[in-house]
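Residue numbering begins at 1 within each chain, and the chains themselves are lettered A, B, C and D in the order written.
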């Protein structure tokens, strides 16, 4: 777990920072006219990391692991161009747990090189009231445990 | 409506053959390393034509217009390369209504030029028995009406 | 053109802020298991807005309008879920012109409602030296003109 | 190699038929509103099988392994719904070598179960004359060797 006071100093381009991992393949259809992997594919790799994170940690919390959460902000830095064919690994980390939202940090790696990093804000959302909800104790405990 | 005996002579590369139409945009992310629109995008345009066909004709038949049908065969001829930016129009036609399945014919056009054509077999499927089902009278009437 | 001192007060959820526009269609294949348009499609709509911006303003600057630039940061806020079928309009604005990079602001609208907004940093990049390059006078003039 | 006279009897739903293989991951963004992997993803898996086939067999034939060929017909049978998460294996086989075109057969498997199969016609194409070209001896030899 990364302590609050040290977060600013953390190097998110290093694999060891992340707690959860998925592997994915680059597809030929991911290539753009420059022969580079397009940003849409990179964003989809990050999405897979988050879906797997929820499957691994939140399946006991609610039956439908995707309901009750809304992704409200996604921010990505593209560091290096990806090439086809190849595979990528995406690491995910719970960086912050707020009142109604939590912040994930993600890194996309080829071998040990960080090719892109992302920050994602997810809000707990009540479909009926259409409003943000407080993160309850169960969820907070799950997210805190995932940080270790 | 195209009579059975004349089907073999029909030119499916002509717009007038088709009864139902949708328009779609080409996206930059559809381009492949050759600068052509990839086949995946072309197939997605045909899919949109079918979804719209069902929305227009089958919404009164069942609440969930997509349940109860399974696409089992998709066959496409790519005639000309598509370019970005641009838009395409997809025409759809009910070509044949069988016992448990129906056959759609589709054409993709830029202006008046046919860029690709497709044939699609959809089977009526019972989720519970996991078996093909007879096309009932209501559905047959709807499909026959769509041919005109 | 938005003056520097007033940028903090600008409401980027209003159509009138943006100078350049593209229209796009939502596809059935953009839908995720929740029946919402997935974020990948939304990001592709923003990408189309940027490609069109370059085609409209930078075609006279260099033959290959995509060479020489690298998107290094993409940040998006998802405000409302998009639904299928439908179309979206993406507005683009040059918000800032720096030494080696420029900042675009983008808004995605359905009718007059802002569904998502994005910020994009593009760097001028020399392929041979693999380093960022100063924005030259020609490019600066083009970008400044585009702001009006 | 499959002899011509026995082709009609071959079971293309068995892994042992295919000579060339690639593995691919299903992505969350491949899911449609029914929670099934959409056909577009399945078609992209087949495409990756073909690109890999060309990389493995045709890299010595011409520098740009994708130039000089045009996919003119793609036909796919969808046998079973794919689920997320998971991976697929695509097998490819040169089934026929004609005068100006060759026919690939492809099978998509999860474990030992065939989920979809495809037939693909690729034509040798001269970009300058914009016409089909005869398959030359070198290419014929490569394709024949790949059948074994």
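Just so it is clear, a residue touches a chain if its C-beta (ideal position, glycine included) is under 8 Å from a C-beta of that chain, and two chains touch if they have at least 3 such contacts.
For clarity, every value in this text was computed on a predicted model and none was experimentally measured.
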item: Taking each chain's C-alpha mean as its centre, the one farthest from chain D; value: C
item: Contact-richer chain pair (by C-beta pairs counted) among C-D and B-D; value: B-D
item: Intercentroid distance (Cα basis), chain D paired with chain A, Å; value: 34
item: Rounded Å distance, chain C centre to chain D centre (Cα mean); value: 37
item: Chain B-chain D separation of Cα centroids, rounded to whole Å; value: 23
item: Sequence positions of chain A contacting 2 or more other chains; value: 28-29, 33-34, 38, 40, 44, 47
item: Chain B to chain A touching residues, read off their complex; value: 28-29, 31-35, 38, 40
item: Chain C - residues contacting chain B, complex; value: 23-25, 27-29, 44-45, 47-48, 51-52, 55, 85
item: Contact set on chain C toward chain A in their complex; value: 33-34, 38-40, 43-44, 47, 66-67, 70-79
